[in-house]
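Across the two complexes that follow, chain A remains constant while its partner is chain B and subsequently chain C.
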Partner chain A sequence: MAGAMEKKSNEWRLALPLTLFFVVFFVAPLFLLIGISFQAERRMTGALGLNQYTAFLGDRLNLEVLGDTLLLGVKATLLCLIFGYPLAWLIARVSARLQALLIFLVILPIVTSVVVRTFAWIVILGRRGIFNDAIVALGLSPTPLHLLFSETGVVIVLTQVQMPLMVLPLVTVLQRIDPNLASASQALGASAWRTFFKITLPLSMPGIIAGVILTYTACVTAFVTQSLIGGSRLLYMPMMIFQQAMDLQNWPFAAAVSVMFMISVLVIVGLLVALSRSRAAQLYG
Partner chain B sequence: MFDISRRSLLAGAAAAAGTSLLPSGAFAAEELVAATFGGTWANVHKQILAPYFTKKTGATVAQSPMLATAQIAKLTAAKGGPAPFDVAMLDEGPALEAIDAGVIAKYDASKSPNFASLNKKFQGEYGPAITMQAIGIAYNPKTVKAPPTSWADLWKPEYKGRVGITSLASTLGLAFLLDINRLEGGTEASMEPAFKKLKTLLPNLAAVSANFGAHGALFQQGEVDIGVQNFKFAEELKAKGVPIEFVRVSTGTPGWKTTMHVVNGAVKPDLAYAYIDSQLSAEVQSAMQKSPWNVIPTNSKVPYEGLVASKIAKTPADLDKMVFFDWQKVNKGRADWTAQFNREIRV
Partner chain C sequence: MKRVVDWNEFSFKALFWLLSLITVVALIAPVVVILMLSFTGEEALHFPPTSYSFRWYKALLSANELQESFIISIKVAAITVTASVVLGVSAALAIARSQKAWARGLETLFMSPLILPALAFGFAALMMFSVLGIRPSLFTLSVGHIVVCVPFVLRTTLASLAQLDPALLDCSVSLGASDLYTFRRVTLPLIGRGVASGAFIAFMSSFDNVPVSLFLQDARTQVLPIYLWDIIQNQLDNRAASACGVIIIGTIVLMVLMERFAGFSRFMK
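This part shows the complex of A and B:
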C-alpha cells in the first residue's frame, strides 16, 4: 500500500521531459519575445520603454487589422462548426468500418502540407479556376466571381483546411454520449429536434468548445492561407507581424504586435473556457 | 483504424522531425551552405553553379532558398555564434541593411581571382554584384492586343481589374513605386507623388501579391493580364510555355544589383570565397546568360548575347542608362512607406 502511494506520488516525474521541452522551446522564447517588445529602439540598443505598444495602439489601422483578424476567425470557426457538427454526428453513428473511412477522409487534409493545400485552392477559386469556369458555363454569372484575394475566399479555404480540428474533438465527445439517453427522451415523447436540443447538444458542449478553441486559434494565425488566398490587399495580424519582423527587421515592434495579438486571442479562448465551465456546472452540478 | 492512422501519422512526424534535426549531409567531407533566392534562382544555381563549384573544389554545396530579408533576419538572430549559412545573396537595398546590421563581411579580393574581371561598378566593398536585375511590363499576348510601352499603360481603363503588382516586400514592388514616384516628380525623400498616383491605379488592380513568388503564379494562372515583372523571370515563364511577353518601359528600365557576400562568422570562409568566385567566372556567367535563365552577366569577359542583348543591353554602356535608386535613402523610408502602402491598398 505504501509502495503504491509512493509510486503515485512519483508519477509526476513522467511529465518532466515534456515540461523541460516546453520550458526550453516555448516558455523561454515567449519570455524573450515579451522582453524584446519592451525595447524602445528598432536596433535594440537596450533602452526600455512602452514605445512599441503606444505606436501599435496609436494607429487606427493596427486596431482595424486586429479586429478584422479576430472576426475572420469567428466567421471561419462558425462555418467549421455548422459543417463539422453534422459530419461528426454522422461519424459517431455509422458502422465501425465506415467510421474508419470517414475519419480517414477528415484527417486527409492534415496529411498534406498547408502550402500545397492552399495552392490547390488557388487553382479552384481563381478567375480561370474550376469553380468560376463552372459558374460561367452554367450561366449563373456572366463574369467570373471575385473569390481569390477576397475575404470570402479566405473563409472558404480556412473552413476546409481547419475542419479536422473541429470534427475530431466533436466525434470523441459524441461517441461517448450514451445512446440510451436519446432513446429515453424519445420514449418520453420528445421529438427528434427536441431530443437534439435538450439532450445531444448540451452533452456535446465540451466537444464544441474544444473544437471551437482549436479551430479559432488555428484560423486567426493561419499565415500561409491568409496571405496566399487573401493577397496583400487584405491585411491580417500574422502578415503584419511578418512584415515588421522580416521585411522591416523591426523586431521590437513585431514582438509588441505579437504580444497584443496573443493577449487578444487568449482573452477569447479564456471566455470560451469560462463558458464551458459554467455549462459543465449547469449540467453536472 | 483511427488508432492505426494516428500511430502512422505520429511515426511519420517523428521520422520527419528526425531527418530535419540531422544536419543535411553531416557525413560529407566538406559542405558549404549557401543562401539563394527561391524559384528560378534556386534552379539556375543548382544546375550551373553547384556542379561547377564541386568540380573546382571537390566540396559540395547545400543551397537554401530564402528571401533576402529572411537571410538578414536569420543572420541577425545567430549573431555571435556560428552562422547558419556562409554565403548570402541579396538585392541592393537589403545588402545595405545587412552591412548596417553587421552580418556580412568585407570582401577580400585577393581570395577571388575573378573579382578583377568585373566592371568597377560591380566590385562592391562587401561583395560583388553577380547580376543586374531589370524590370518592365509583362503581359499576356492572348488578352492584351496592343503591346504596352510605358507604366502609364497599366492605368488604361480597358485593364480594369486585370493589373498585377507586388507589395513592397519585394524589390520589384519597391522599384516600381520608386519609378512611378520619379516620373511624377518625387524623390526618395518624398514619396507622396507615387502614393497619389498609386491610388488612381486601384480600380485596375486584380491583385497585389504578398511576395515575388506568388506574383509569378498570377501570370501563370491567368489571374492578371498585365503587370510589373522582372525581365529574367518573365522570360523563364515564357520559355516554359506560359503566354507572357516582357517589354521595357520607354521611360528607362529600372534596375538594381544583386550581390553575393561572405557572412560574418562564416564556418567555411574559404569555400565561401571559392563559391562566390565560381559565380563570377566567365564560364558560369555565360552559361547562366543562355535561355531560359537570361542572367545579365557582370564579368566583363562575357559579351551580352541572346535575350539579354536584344531586350536589355548590347554594351555595358547600355546598362549605365538604366534607372537606379538611392537604396540608402530607400531603406530609411521603407518602414513608413510599407505602413502607407498597407493603408492605401487595403480593401
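This part shows the complex of A and C:
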C-alpha cells in the first residue's frame, strides 16, 4: 500500500523534462521579450521606461495596423463559420464511407504546407488566373479584379487555409447531438430553419466557440499568407514585428509590438472562453 | 394524401449543400492547381497549362540550393519529432494520471504555443539565444520547432490515454510486471496510434514552419518553406511549382499510410 502511494506521488517526475524544456526555451524567452519591451532606448542601454509603448500607441498608423489585423481575423473567421458550418453539418449526416472521404479532404490541407497552398492561390487569384477568368466570363465584372495584394484576397485565402480548424471541432460537436432532438422538433411542427436555429445551432455552440478560437488565432498570426497575398503594401502585425526586429534591428520596439499583439489576441481568446462558459451555464443550468 | 413540397425544408437543404460544395471545391482546388501546374511544359506559370511534361521535375535534380534546404528541413523535422515524442509522451503520461491542478496547469502551458503568435515566440527565442551568445544553427532551429510542435504530440497522446482502461495497467503490475515492462507491453501498444498521429502532425508542422524558422535560421541553415517563400515572392521560378508538387505528393502518400496504419483522422477532431 505504501508502495502504491509512493508511486502515485512520483508520477509527476515524468512531466519534469518537458517542464524544464518549456521553462528554459518558452517561458524564459517570453519574460525576456516583456523585459526588453520596457527598455527605454533602442540601443538597450538598460534604462527602463514605457517609451516603446507610448511610441506604439502614440502613432495612429501603428494602431491602424493593429486594428486591421484584428479585423482581418474577424472577417476570415466569419467566412470560415458561414462556409464551414454547412460542411460540418453535412459530414455529421452522410454515410460512414462518404464521411471518411470528406474528413480526409478537410484534413489534407492542414498537413499540406501553407506555403504550397498560398502559392496555389497566387496562381488562382492573379489577374489572368482562373478566378478572374470565371468572373469576367460570368459577367460579374467587366474587368479582372485586383485580388492579389488586396485585403479581399487575403481574406479569401485565409478562409481557405484555416477552414479545417473551424470544420473539425464543429464535426465533433454536431456528431454528438442526439438526432432525435431535431426529429422531435420537426414532428412538433417546426420548420427546418426553425429547428436549425432553435435546436442544432445552440447545441453546437461549444464547437463554434472552439472553432472560432482556433481559426481566429491562426488567421491573425498567419504570417506567410498575409505577406504573400497581401504583398508589401498591406501591413499586418506579424510583418510589422518582423520588419522592426530584423530589418530595422529595433528590438525594444519590436518587443513592445509583440507584447501588444499577444495581449490583444489573449484578450479576445479570453472573451470567447468567457462567452462559452456563460453559454454553457445558460444551456445546462 | 397529396405530397406538398416543403419549401422551408428545401431551401434549408439546398443552401447547406451549396455552401458545402463551395467549401469542398475551395479546399481541394489549390492542391489540384499546383499538381497540374507542376507538370507544365511551358516557361511561364500559366494556368491551365497548354502542354504537360516532366521538365520542371527534372530541373529539381540540378537545383542545389533547393535540395540543401530540403535536407535541412528534413533534419530539423526529424530532430523535432524525436524530441517532441520523448518529451511529449512522458509528460502526457504524468498529466493523464493526475487529477490535480498542477496537471491542468501544465497542460495549459504546454498547449499555449498553439494560441500565441508563433512569430512573437520566434523573436523572443532569437533574443534569448543572442543574450546567451548562441548563434543560429540547426540546434536553435530544432529547439524553436520543438516548442511549437510538442502540443500536437501531447494532444493526440492525451486523447488516446483517455481511452486506456487503467484496470489493464493494474492487472499488468499485479501480475508482477515492472513499470517499464507494463509501459512497453501494455501502454505503448494501446496508445501507439495516438503517438504516431501526433508525431506525423508534428513532422509536417515542423517541415512547414516559417514564423519560428525566420528568426532562428542563418544563411547556412535556410529551411525549405522559407526558400520557396523567397522564390515565390521574388522571381516566381517554375521549379517552385514542381517542388510544391513533390511536397503535395509526399504529403498525400504519408497521409494515406498514416490513415491506414494509425487511423490518423480520428485524432484530428
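The working rule: the second predicted complex is superposed on the first by the 252 of 285 C-alpha atoms of A that agree within 3 Å, B and C clash if a C-alpha of one lies under 4 Å from a C-alpha of the other, contacts with A are read in each partner's own complex, and residues count from 1 in each chain.
The rule we apply is simple: contacts are C-beta pairs under 8 Å (C-beta built on N, C-alpha and C of every residue); 3 or more make two chains touch, one makes a residue touch a chain.
Note that the coordinates shown come from a computational prediction; the quantities given were computed from them, not determined experimentally.
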{"item": "Overlay on chain A: chain C relative to chain B, clash or fit", "value": "clash"}
{"item": "First, second, both or neither for A:R13, with chain B first and chain C second", "value": "second"}
{"item": "Partner chain(s) touched by A:T221 [first = chain B, second = chain C, both, neither]", "value": "second"}
{"item": "First (chain B), second (chain C), both or neither touched by A:T112", "value": "second"}
{"item": "Partner contacting more residues of chain A (chain B vs chain C)", "value": "C"}
{"item": "Touched partner set for A:W89, first chain B, second chain C, both or neither", "value": "second"}
{"item": "Contacts of A:P29 with chain B and chain C, given as first, second, both or neither", "value": "second"}
{"item": "Contacts of A:F104 with chain B and chain C, given as first, second, both or neither", "value": "both"}
{"item": "Contacts of A:D247 with chain B and chain C, given as first, second, both or neither", "value": "first"}
{"item": "Chain B versus chain C as contact partner of A:P238, first or second or both or neither", "value": "second"}
{"item": "Steric overlap of chain B with chain C in the superposed model, located at which of 73-81, 145-153 or 325-333", "value": "73-81"}
{"item": "Contact residues of chain A, present in both the chain B and the chain C interface", "value": "100, 103-104, 107, 110-111, 119, 122-123, 128-129, 227-228, 245-246"}
{"item": "Complex contact set, residues of chain C against chain A", "value": "6, 8-9, 11-13, 15-20, 22-24, 26-31, 33-34, 37, 45-48, 86-88, 90-91, 93-95, 97-98, 102-103, 106, 109-110, 113-121, 123-128, 131, 143-144, 146-147, 150, 179, 200-201, 204, 207-208, 210-211, 214-215, 225, 228-229, 232-233, 240-241, 244, 247-248, 251-252, 254-255, 259, 264-265, 268-269"}
{"item": "Partner chain A, residues of chain B touching it in the complex", "value": "1-2, 5, 9, 67, 69-70, 72-73, 76, 97, 101, 166-169, 205-211, 214, 217, 221-223, 334-335, 338-339, 342-343, 345-347"}
{"item": "Of chain A, residues touching chain B in the complex", "value": "59, 61, 96, 99-101, 103-104, 107, 110-111, 119, 122-123, 126-129, 148-150, 227-228, 231-235, 239-240, 243, 245-250"}
{"item": "Chain C-touching residues of chain A, taken from the complex the two chains share", "value": "7-8, 11-15, 17-19, 21-22, 25-30, 32-33, 36, 82-87, 89-90, 100, 102-124, 128-130, 159-160, 163-164, 167-169, 171-172, 191-193, 196, 213-214, 217, 220-221, 223-224, 227-228, 237-238, 241-242, 245-246, 251, 254-255, 258-259, 261-262, 265-266, 269"}
